[in-house]
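Look at the two complexes coming up: chain A is in both, with chain B in one and chain C in the other.
Moving on, here comes the complex of A and B:
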């Protein structure tokens, strides 16, 4: 594909389509609960409104309070551009780019936690501590999933390794990655995005003191991260890259929609688990990925 | 044929881990029942031709392990009127990790064993070892009598999986006898649970160590 057209197209997909996903999730939740729910485009309105507003900065905060969300947003966007988008391909592909993707996501998390600590608020410190401690377990699962994929394809480049293997390993990997998606994006069994009780929040409590454009960057970054993990999950399970371009794009869009609706259904039908159960759930995701890895390993040796 | 069998054994091995990770007594009973039912239909998958005796054993296994024993356990749980949270001696996370490590070890060990050629590709031995380990972990690591019974059931499921290796040489009557023993054992344990509850006001088996005149 022509790279002059493809790059803006990819950028447009990540920047413009990402805020759709939270809207769809909220619509699914409203539908299950029998409500009308907010419009699907609600996050776009919120972002536009936040962008016009001013910023309130605590007297304690250093410039890191503004820089944190900005760096996190750029890091998530850069990570997203590394991920191939079905027939559109990746903007940049090189040996080991998957490791850069993992580190960019870790950098984004670090910056969000840093900005949360800047205000000196006890609640935000608590949220940052929770986010980072759960991330340790979630990252173990993601790294294992990436190892599985690279072992299946014998490659460490994202564009070559997102080729699913048929069999039970893929199913294990899909369930493991879906659990990680829920944990990384602070969805229901781990965290409730709608909660307004500081004691139970994880991600939301970290951004309590942000306002105006930095909050818009945080919200948009979270939406992009959700899209990133959905695309990763779909491409790890469906052979999107091998289909003809039109069918590949269709499969990718359909897959992402299915993942989004599944997140909405999980959110409607499950309760948030108690904090002491969260490590157990994340360890389960890690074990699922470990078993997928073992199947990939054993299958490769046989 | 073999793929379907391996899928069922994989399901049973997965249920082992779920049993180790769950924190509620009713769900533990449900998992043990589900595993019993999965094992019950395995002889039908393994045999090529359907015999009446085989069908009878499968139906009996599924109904006993899937319906009768769980019903007995639920009744014991209700009459004992106990707190439904399990009280682990080995925490859920360590027991889950131990169970997973045991499962991987079982698969590795089963590949090293000098098995007959027709059993090389199947997960029967690995599944049996993993279930026995998971059952042992539940027996050691949970303090309530009913959860220990569930551990015992899962351990027995592992032994049953071993028995499936010999399906061509053991008469199915033996399987039927084992099933009857198991049901009677659970029945007796149901009565014992009631007695423990009356004597100690709790089902914590640790209290049994302080028995005195």
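Moving on, here comes the complex of A and C:
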């Protein structure tokens, strides 16, 4: 597709469609619970409202408190733009872009944790500590998953890595990546996005002190990150790139919807795991990715 | 002027600086800056023009004629010596002045120039004997710099430990150079790939240089020496001096034939150093000790790159090994710059508050905005986050690993775990530096010291800003660095002499610049929007708690607790816990300490056994005649027995 049209199209997908996902998840949860639930577009209303609201900043916070969410948002958007979007392709593709993507997400994590620690609040310190610690295990799983794709496709560039399906290890990789998706986006069973002020949370507790436009940036960034991981998961599992454009787009959209609904179902049907079990769950995800990697390796040797 | 004249000028000026150091601070500063500028000029000349300066003296020193040689590999490390040597000299003027340290300031200046000079000589000596001499002088001047504050007990202990460990390494180097000289018949150093019998010597060099580089089980001296030295000394030790060990490894792995397992061993050592170094980094509560352990981690990252480079060279490869080796070399520069910056910023904190303990600091950004900003910058850079320079070099190392894995090379068995280890290292380092920056500069002041801090002056700020500017340059224009970087790469392995960048460096640099601009724009826009909507200050929301105190903040220990628990098998944290008991509990406390595991759990017990054995031996040497007669008779009997039974 023509790059002059494609770039705004990709940008529009990431910026405008991302807030749909949390809405869909909430609808699914409401449906399972037999409630009517908030409208699917609730997050859009929230964002519009927050963008117009005033800001209350802690007396302790430095300018980094406002800069943190801004940098994190840019980092997630930049990471998203590196990811190929089915037939729309990626904005920019070069050897090693996948590593840049991982480290842009790390930059977002650094800034979110930094902004959380600005306030000197015990709760936010706790959230930041958990976020950066669990990321150690999640990072191992993600790097392994990416290595698997790299071994499978014999390439180090996202647009080539994500074209074929992940081969015979697909199921393992899908489960592993889905677990990482839940952890990285702070969904049940790792975290509960519905509770506030609870001692067992990670992400929500880090953003307790944000308000107004910075909170809008945090919420929108979180939605983009969820979409990013869903798109990554779907393209790693399905051979989207090998289908004709229309079918590829359809498969991508359907896949993201399936992932979103699955997140909602997990959230409705499961409880949050005991806190000390979280590392075990993440290690399991890592091991699943390792097995997928071994299969890809064997497949490549044969 | 020729390169040789420039080098001679630099050496003379630095000798003059050393002599003027004790009495004439201004003259010393001018001479040191001139000397480092000349070193920098010579180094960049060698890197730019690919010329090799080779000079032999007509006279002999210690029975051997001097032989200096400045090629691209030496020049690559010399650049770092010059930049950090100059920056630290400026910093010293305000940080360690005569009126505050009348006893040690003069000594400090003299040893500083001596250290810079000796490191410069180590990098140029192409004669084994003189290399050892320069190496020893370099180690000794570093010892005197570490122990500048010698009235403190910890400083003396750290100095002795450094000296002992350094000499253990030098012992290895003595063996290495004398075996080399014995087998080649000359002390002269140079490419010797055509002597396959020299290959096993690599293991000796790996030990000798590994001690200096602070690789994981050999790093025992590093944390205490770097933490207790004056901060400008920590900066040059951590940023540059440990790179001398690395220089030795790069230099001799390029010149000597290598045993088959060399690449595997270096890669494994690098992965262990990186992961465990990062885990120890996260666990520290002393700001400078944290930075010191982070050096172990970064040495590990560099060694991963070097290991992949060795494997690539051994397999006759021209792509993945070359990329990883380029990353390793670039990381030498990057780490040297941002680690010095971080240590100088830590020195500014120590200067202002008098403590390195992160749990006694906090909220310093208000009093020290420059230091806070520069430390934050260094923290992002060292966590290898885009858009700064740490990412460029780690990205190259990753790219080498991923290229090798994607190519299904025969050594992928080693490559794949190393890539995962590098990922884990990155996440741990990020956690450690979020912690360090936040505990020191963000939140509320935890003690009065922190509340009454003051910003450092321009003499300390200027060197930090210079180092930060160098980091920005390397981050945004890596493709400009490539013409320099390809020289040491080609000198190390002539098969990799090609001119094409091994990776899309231009694309990465453009992306990094775009990202930096976008980040600044977004932060500015969000700030303007927030201000337009109305910005109000209020107390931190502590879930409705009405009387928050500064002691309720997360501390360094609590922040790291989770990950420290996962690495308890290596870190062995020690805890003393007294629970509050009874209806009216009198007191309760909880003390947690991360020991120097290798030193206290491995080296300590072994040296105790050695000491006990020596003490026992000493009791047998009391000068009593009957004992000696007994030894004599027993010895004769043993010889007799050997003669009688050995002959049968």
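One rule holds for everything that comes next: the second predicted complex is superposed on the first by the 295 of 302 C-alpha atoms of A that agree within 3 Å, B and C clash if a C-alpha of one lies under 4 Å from a C-alpha of the other, contacts with A are read in each partner's own complex, and residues count from 1 in each chain.
The working rule: a residue touches a chain if its C-beta (ideal position, glycine included) is under 8 Å from a C-beta of that chain, and two chains touch if they have at least 3 such contacts.
Source: prediction; values computed, not measured.
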Task = Please indicate which partner A:284 is in contact with in the superposed arrangement: first for chain B, second for chain C, both, or neither.
result = first
Query = Among the partners chain B and chain C, which is in contact with a greater number of residues of chain A?
reply = C
Request  = Based on the superposed arrangement, let me know which partner A:206 touches: chain B (first), chain C (second), both, or neither?
outcome  = neither
Message = Touch test for A:130: chain B only (first), chain C only (second), both, or neither?
response = second
Message = Quick one: is A:145 in contact with chain B, with chain C, with both, or with neither? Answer first, second, both or neither.
response = neither
Task = Applying the touch criterion given at the start, work out whether A:168 contacts chain B, chain C, both or neither, answering first, second, both or neither.
result = first
Key: Those residues of chain A which chain B touches in one complex and chain C touches in the other   = 279
Key: Residue ranges of chain B touching chain A (in the complex, touch as defined)   = 7, 10, 17, 21, 23, 92-93, 96-97, 100, 104, 107
Note = Per the touch rule, the chain A residues reaching chain C in their complex are 51-60, 62-64, 66-67, 69-71, 73-75, 78, 92, 94-96, 98-100, 102-104, 106-107, 109-110, 113-114, 117-123, 125-126, 128-130, 132-136, 138-140, 142-144, 147, 150-151, 153-156, 197, 208-209, 212-214, 217, 279, 293, 297, 300-301
Query = Okay, in this complex, where on chain A does chain B touch?
reply = 168, 277, 279-280, 283-284, 287, 290, 294
Note = The residues of chain C that touch chain A in their complex are 362-363, 365-366, 372, 376, 380, 383-386, 391, 394-395, 398-399, 402-403, 405-408, 412, 416, 419-420, 422-424, 426-428, 430-431, 433-435, 437-439, 441-444, 503-504, 507-508, 511, 515, 518-519, 522-523, 525-527, 529-530, 533-543, 548, 550, 552-554, 558-563, 566
